[in-house]
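You will see two complexes here that share chain A, one where it goes with chain B and one where it goes with chain C.
After this line comes the complex of A and B, so read on.
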């Protein structure tokens, strides 16, 4: 559980787009360098075909694949797999550093539900997180799909799951400079669409959650419902609007933020395992 | 011609949508009709702007003239900027005769005495609006022409609309200059902001309120005598009688509160809530003596129309909360709500 903050620092404070991934067939950890080479060649070929990202400038994409043993829940989980694409412009000098243009990583944090009865040839890394241009994501995804016969699917986060997240995270210990607990709702089907941002002082949100949560270390659906109902009732008292009928699209706290389109940002390493565990669970239920 | 002026003119022309360039240059009037005829408006904008700069060079344009073109662009594209509303106060009741020359002189004098490096440009429009553009410098630097402030003042009203540049430190000086020039003695910022300058004018000049006096036509009757659904022109046969009378009730309440005419166009409203959290004691939740602090922000391309449609969509009770419906009346879209002391828990006070 002791995660080296250095190794996982790259995860923090970036917006990651989420995917669920079915198990990889015949993936071998020992062959990472081979895979990196093959993926690099694939990307070069894709760009030649005219699916280039940049126009007019000659660019080399370098691929690096690495394992991150730190990013997992238990020994049963596979170590995370990090894919990084860097760019070195041929035009620039020999001394110029590679510029990281895209990163994506596969992981499983307490993903026993999926890996339990999986045949040996399959590697379970159900959660895939990407940061960078969509075109690169598409190329990397295609290569993995072709090579390991797996399937990627955008991971949407339902309002139900978002409310779980906000309730859980609101209860986390507040830092001295904590940011507000914010819920963003959207009412799209009106003649003029409406967005509502409902931001609560973190101390007050935590105080409310603390009185709702009965068993420490355990959260029930009922407790989440009560928490949300309290927030809805407070809002209704003032504005006479039924927030429960609006669509919860984004939640944001000091710990992390999540958007219904499947985008998360994790802000504190302390809560990284918890967040990843929740996301792994979501990915697995999307696969099954 | 100064090269900074040339560059400024070039960038200003580049900002203008291609099909508006000719019209704006004509409004500007700095280039002659003959010169405008020589311009080819069918080439890429980069080239058009270069040609304009060349013509301006022939006429020896200076920054003052360039600034007028900038005002023209911003007057037409006023909704790109965020406007705040300020209200000025007079000490006495006398209606003084407004002398535009005197105003301009006093305004310039006040600003230039405090800040040597400043570019001030005026333009008057037919609706009695005076547009003022101020580019700010420092004692050691020439004015930054790319971050000016704009002021719109209708002289028969005590209201000023300001689109400040990012350099907010100049606001106090700007306000000072305004009250000195217009013979008022105080100015305060209202809690009202929007991109739609006309809507702000509608709200503070209270022109919208006339809708309340006009006769609101009855709900259109459909073919078989049923009230028509607001969302579809044809009678919605899926709606049964009780629901349609409910719809009618909501529609009527909306009209009472919002009036019949179009709503002024605001994009957001913000509420800082410092009220108590109240809940059913049975729930056993939070019962603090301190306020439950929240910040609520509503946003929409057309907020008031959006709020108006909430009850009909089943998302809100009708009548809608006064906190929302008071926006045009109170001429504000920023609120701080505290609990009213010792009275009904349902009433709020907004300082």
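After this line comes the complex of A and C, so read on.
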């Protein structure tokens, strides 16, 4: 609709680590500047605690908090909250630009299931996505947990949900130079870990999905099962291996890719709302 | 007696004792195990479904590794009028409790408990689920 692609471009083509977040208590949009200052001070204090800093080079972390009204599903959703950590090296002060070292954002896309009966003091932004060093993620997470009494939890994606994603995304309209639909399986109980990568031409995958899906715009568990069973059967016919007994760990399509450890990469702005809606749903079911 | 699928090989038919209970094990992490069980069910004589069959869904502790919908297994239980038990094999306490439960069911199905038949026990379990 009125989504400014510039504002949401930062989301695309980056690997985001996913977390579910319980509602934030007494979070006020008007106080973003204050929060940024407090978070900056917290990070500076944390950094001084343990790590040795090189003499002569002081690294300042600048914190920026901003609201993104574009990243939400409906009017009932809270606008997304973006947190950015930039580094300015004092050694080459005036001429150097700030370098973005870490970004994270909270969002809710059609998260009505959670926000429906929430009391007034709580802000629902169940999905948290981070990109950057884990050390910064844990500092930002700790500060939010202490300040807003919320709880972060890594969002893992089960093979069942990965199957749903690959079926949904394989059915999306293929663009020009489309990349293969790839499924990666990990074989359990072997002395050496073994990964099997199954790549399918995107047009074949879309053709298969089109024969399976009955109502455009609607997807049922049965349709996803049939789609996956066809892929498993095809592989078994050629290689005599039952992929259905292995663990699906990663799916990749030209729309997006997702890993069972809770890492996603979104490649097309057109499908951004759809992907975020699915991830919001997963985050909410982990919270409840 | 353990088997990876049915039907059992016919060569040993004459040596096999009477079968009192069939427990179909489905691993929630493996879609293949569900397909295997569904295919094997076709080879079971109808008389077994009067209380001598049960489904055991394992691996429930790992929600993040599930590849089988719990609903699908419950529906299977309903279709075949047999109870569905849930367990996590990796936790010793639950493993032992489940084994004891199955043993008890086996005693009933083998007719060792006076006054309780496999059929009456089966319908008792189904009614308590609802």
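The criterion applied here is as follows: the second predicted complex is superposed on the first by the 278 of 288 C-alpha atoms of A that agree within 3 Å, B and C clash if a C-alpha of one lies under 4 Å from a C-alpha of the other, contacts with A are read in each partner's own complex, and residues count from 1 in each chain.
To be clear about the criterion, a contact is a pair of C-beta atoms (placed from the backbone, for glycine too) under 8 Å apart; a residue touches a chain by one contact, two chains touch by 3 or more.
The model shown is predicted, which means the values in this text are computed figures rather than measured ones.
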Touching partner for A:208 - first (chain B), second (chain C), both, neither: first
First (chain B), second (chain C), both or neither touched by A:31: neither
Which of chain B and chain C A:260 touches, first, second, both or neither: second
Contacts of A:234 with chain B and chain C, given as first, second, both or neither: first
A:242 touches, of chain B and chain C: first, second, both or neither? both
Partner touching more residues of chain A, whether chain B or chain C: B
First (chain B), second (chain C), both or neither touched by A:156: second
Which superposed partner A:14 touches (first chain B, second chain C, both, neither): neither
Overlapping contact positions on chain A, where the chain C interface meets the chain B interface: 242, 245
Contacting residues of chain A [partner chain C, same complex]: 156-160, 163, 188, 221, 228-229, 232, 242, 244-245, 247-248, 260
Touching residues on chain B, where the partner in the complex is chain A: 231, 271, 273, 275, 277-279, 283-288, 292-303, 305-307, 309-310, 313-317, 319-321, 323-324, 337, 346, 348
In the complex with chain B, residue positions of chain A that touch it: 180, 187, 189-201, 204, 207-208, 211-212, 226, 230, 233-235, 237-242, 245-246
Of all residues in chain C, those that touch chain A in their complex: 29-33, 35, 63-69
